[in-house]
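Several structures are given next for inspection.
What follows is subunit A paired twice: with subunit B in the first complex and subunit C in the second.
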Partner chain A sequence: MGNNSTRIILGLAALITLLVLLPFIFSRYYLDLSIVFLINLILAVSFRLITTTGDFSLAHVPLMGMGAYTGALMTKNLGLPFLITLPLAGLVATMVGLVMLYPLIRMKEFAFFIGSYAIGEALRLSWIRLSIFGGHRGISNIASPTISIPGLFTTDFSEVVPYYFLTLVVTVVCLLCMYLLDRSRITEIFKAIHDEPELVKSVGVNITGYRVLAFEVGTFFAGIAGVLSAHHMGHIDPHQFELTTGLYLLIWIVVGGYATFLGPIIGVTFFAIFGEWMRVFGAWMPLVYGCILVTALLFLPDGLESLPKRLSFLFKKTGAGAKS
Partner chain B sequence: MSIELLIQTFVNCIQLSSFYALLAIGLSLVFGVAGIANLAHGEFYMLGAYAVWWFSTLSGLNYIVSLLLAMVLVGGLGIIVEKAIFKPLRGNVLSVAIISVGLLFILQVLVGQIWGLGFPKRVDDPIGGSMNIHGIFFGYQRIIIMSASVLLLSLLWLFLHRTKQGRAIRASAQDSEAAALQGISANSASTIAMGIGSALTGAAGALMAPISAVHPYMGHMPLLIALIVVIVGGAGNLKGTVLTAILLGFLFTIITTFADAVSANIASVLFMVVLLAIRPGGLAQNGE
Partner chain C sequence: MSILKLKGLRKEFGGLVAVNDIDLELEKGEIRGLIGPNGSGKTTLFNLISGFLTPTRGKVIWEELDITGKPVHRIVKKGITRTFQLTRLLKNRTALENVVIGRHLHVGMGFFEQIFSAAALDEKINRIKEKALELLELIGIENIKDELVGSLPHGYQRALNIAIALATEPKLLLLDEPTTGMNPVETDKLMEKIKMLRDEQGITIFLVEHDMKAVMNNCDKITVMSFGENIAEGSPEEVSSNEEVIEAYLGR
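Up next is the complex of A and B:
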């Protein structure tokens, strides 16, 4: 186990070094894509955090939208600084998530999946309906963030390179928090709730409490991803947070795998790289995504993360076959 | 408020309810019998509309013939899909639902690329117009939708309750293991349910086509409606599905008439969430 975790830490260190060097290698276009990639990392890893208890939430993208709207409104109308809006938007998303959970927590598995879609859709439709959220057109001209400590320094993040580094720092901090949570005893309990609900109940674990905890922590980070995305795009509207976006998120997770912390990271990276290659397909892209999803579920149900293990198993089997 | 508006609203409620029931029954049947939560349900509906556009508007066939052809086509597609991608994952509801998401994207893109995204397709109204009785309007196409829905649902009821094959399907829905012990093949029950369910969904799309904009993304709202009806009404439960469709049809029409469509959608969704929270097993919990 120790060997494994050093390998993961080494791998992450190499990845972070690469990510720090990116602005010196990449053009502006690829840097823009890298920012989206980092935001998607937070989104996918926080989504996977919720799935550890067995709850697949289609409300994740609308809740990210809640963070985005909160961040945008607080920046535009109240003029609050970025360092305050970022955690505050996460907290607002958490609060909205808590209200959603009141009915949702009574549902399990498939009912939860559909229920979360329905209630997320209700949240999204309310942005169209209520004028403060700007209706169909959403909110435009969201100012880029500035961080200033009075008397010390002021940094403006309107350029793409500084904003990339800001996103990188926030992403690394978020992933680190979620990684520490993943290594802790709490995640063992999350997984046990999914695998052995009766056993867990019989030893007196508060299942509902832990499911709420997983959902709320995941939602907090989704809200943060939303703020980063709102400042990056400069514009948000309800259509960005439609079901389709949530389904893409689901595809990343399923293709990458969700058994370990690495799964969603592999999934997002895979689609970030191949998404660029697949750009030649143009409007056929969703079809390619769909085919990849179907193939993955039929032939690689544990996702790309299980590929090395499967290959070595196959290799061993053929090796043994050759010996006998 | 005039008495005409009240009666008109009531007529609209009945019309919408019958459409909802036909739309949802296909999903309800496959979910109940085979545990297949087909999230590409809205795309099957869309294909029904496209098929009728292809046969009646482009090829000039009779509307009724086009409708039947659309049902055969979408039903056949349902059977192929069931055998190819749903069967290997049967038993895991969530995995089946996720793989149907792949199907959703594939069908949307195929239709969009073959027939173009541009303007929505117009399907010729078979009769057109409406009749006016004392200031209350009955659109002819809506009358066709209503009577066809009632007819198709009655035929389905007869099939499920009066034929051996239908009884076998119901037995499979109630308890697949016990049914298997009586020699009922879960495989064939699942295939038949998928075929009939898809055909009925295709019929719903074909019936709605003349009075709606036909485009590749038209399945989004029907999927949400069908999911609400199935979850609230209970999967595989004909009575529960019809009852919920009526409730939802009234709720939706009344709110649309007196407020707006977005509020009506929000209310429908909250209706489902509240009911799920109170009765996680659905409105009609036990039996039929």
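Up next is the complex of A and C:
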């Protein structure tokens, strides 16, 4: 166990070093993609956090959108600084999530899945209807963030490289928080609720409370991802947070795996790398995504994260075969 | 002194009356058997006491306190823990890890403490593990502490369920057919342990059981249910010679 976690920490350290060096290697275009990659990391890891209790939520992307809208509106209309809008948008997403949970927490499994879609969609449609959210056209010209400490310094993040580093720092902090939660006893309870809810209930665990906790923590980080995305694009509209985005999120998780913390990271990385190559398929891209999903479901049902285990098992088997 | 009182407890499922106005009192420190033909409402009664189901009407009074319809985790906190008729375990974890989950209410750490203070966490987790191991020893299954639960023989799984329930430090233990699927030797051993829990820890026991020999030999008092009603109550001798009970079991 201890050995395993040192390996994870070493792996993450190597990854972070690589990410710090990226701006010196990549062109502007690839750096843009890298920013999206980092935001997707937060989104996927926070999504997986919610799934540990067995709740697969299609409201995750709309709640990310809630963070994006909150961040954009607070920047544009109130002129609040980034360091305040960032956590505040996370909190607003959490609050909206809490309202959603009022009916949703009474559902389980498939009902929860489809119910979360309906409620998420209701939230998204409200942005089209309510004028403050800018209707179909959404909100444009979202200023890039600046961080200033009066009298000391002011940093402007309008250029790609500084914004990349800002996103990187926020991503690392978010992932670190979620990693700490993941190795804590609380996640043990989350997983136990998924496996044997009646037993866990019978020993005094408030399973509704724990499901709310997982959902709300995940939603907070989705909101943060939304703010980063809003500033990166400079423009948001309701169509960015449609079901399609949620489905891609599901594909990342299924292909990468969701049993451990690393699964969604592997999934997002896989599609970030191969997604670029897959551009040659043009309009056929969704089909290729679908093929990858089906292949993963058939041959790697526990995702890419289970590949090392699978391979070592396979080698052992063929090794034993060679001997006899 | 009675520790648990049921007053006119009733549960209806649609038109079916599963538990029909049951009145019942449990004395502190007794071993009470609950018997009755299949479908007579025994498990439903346990579900009502432990909060897994809300009664249609009637009251559950625990230590002079009305706990009717309270959520399960509140009731467990007050000292009532139940086990299940079907074995419910975290199959892909070890026996010890299962009991550790059972210690949930006695972890004694706040949310942020659990997340951020790794050193304190290790020390406290170790203390929880020690306690969990003690419970496995108490039930006599410490030899399987590191084995994955899914691959354990049935008898061990049943015993483990009781160890998990004990981890909550209950004052009243509701055991739903604890000896199902056990051979007579295993049954005797388990009943022995259950008696020991009462004698040494003062835990009140309420158990549903189909093994008549086990019930007659080990319970202080027996309640008989038939079609949701409490048809007889008394010492094993009284109950086994009761006309109505014999009728319920054998038919007219």
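Quick note on the criterion: the second predicted complex is superposed on the first by the 324 of 324 C-alpha atoms of A that agree within 3 Å, B and C clash if a C-alpha of one lies under 4 Å from a C-alpha of the other, contacts with A are read in each partner's own complex, and residues count from 1 in each chain.
Heads up, the rule we're going with is that a residue touches a chain if its C-beta (ideal position, glycine included) is under 8 Å from a C-beta of that chain, and two chains touch if they have at least 3 such contacts.
Just so it is clear, the model here is predicted, and its values are computed rather than measured.
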Mind working out whether A:243 is in touch with subunit B, subunit C, both or neither, as first, second, both or neither? first
Considering only the touch criterion stated at the top, classify A:29 as touching first (subunit B), second (subunit C), both, or neither. neither
In the superposed arrangement, which partner chain does A:121 touch: subunit B (first), subunit C (second), both, or neither? first
For A:291, is the partner it touches subunit B (first), subunit C (second), both, or none of the two (neither)? first
Check the residue A:277 against both partner chains and state whether it touches subunit B (first), subunit C (second), both, or neither. neither
Applying the document's definition of touch, where does A:251 land relative to subunit B and subunit C: first, second, both, or neither? first
Larger residue footprint on subunit A, choosing between subunit B and subunit C, goes to B
Scan A:184 for contacts with subunit B and subunit C and give back first, second, both or neither. second
Dual-contact residues of subunit A, meaning touching subunit B and subunit C, are none
In the complex, go through subunit B and note every residue touching subunit A. 37, 85, 88-89, 93-95, 97-99, 101-106, 108-110, 112-113, 117, 220, 224, 227-228, 231, 260, 262-263, 265-266, 269-270, 272-274, 276-277, 280
Per the touch rule above, subunit A residues touching subunit B in the complex are 56, 102-104, 106-111, 113-115, 117-119, 121-122, 125-126, 128-129, 243, 247, 250-251, 254, 283-287, 289-294, 297-298, 301
Residues of subunit C touching subunit A in their complex? 50, 52, 71-73, 76-77, 81-84, 88-92, 101-102, 104-105, 107, 109, 111, 114-116, 121, 125, 164-165, 167-168
The answer for subunit A against subunit C in the complex is residues 180-181, 184-186, 188-189, 192, 195-196, 198-207
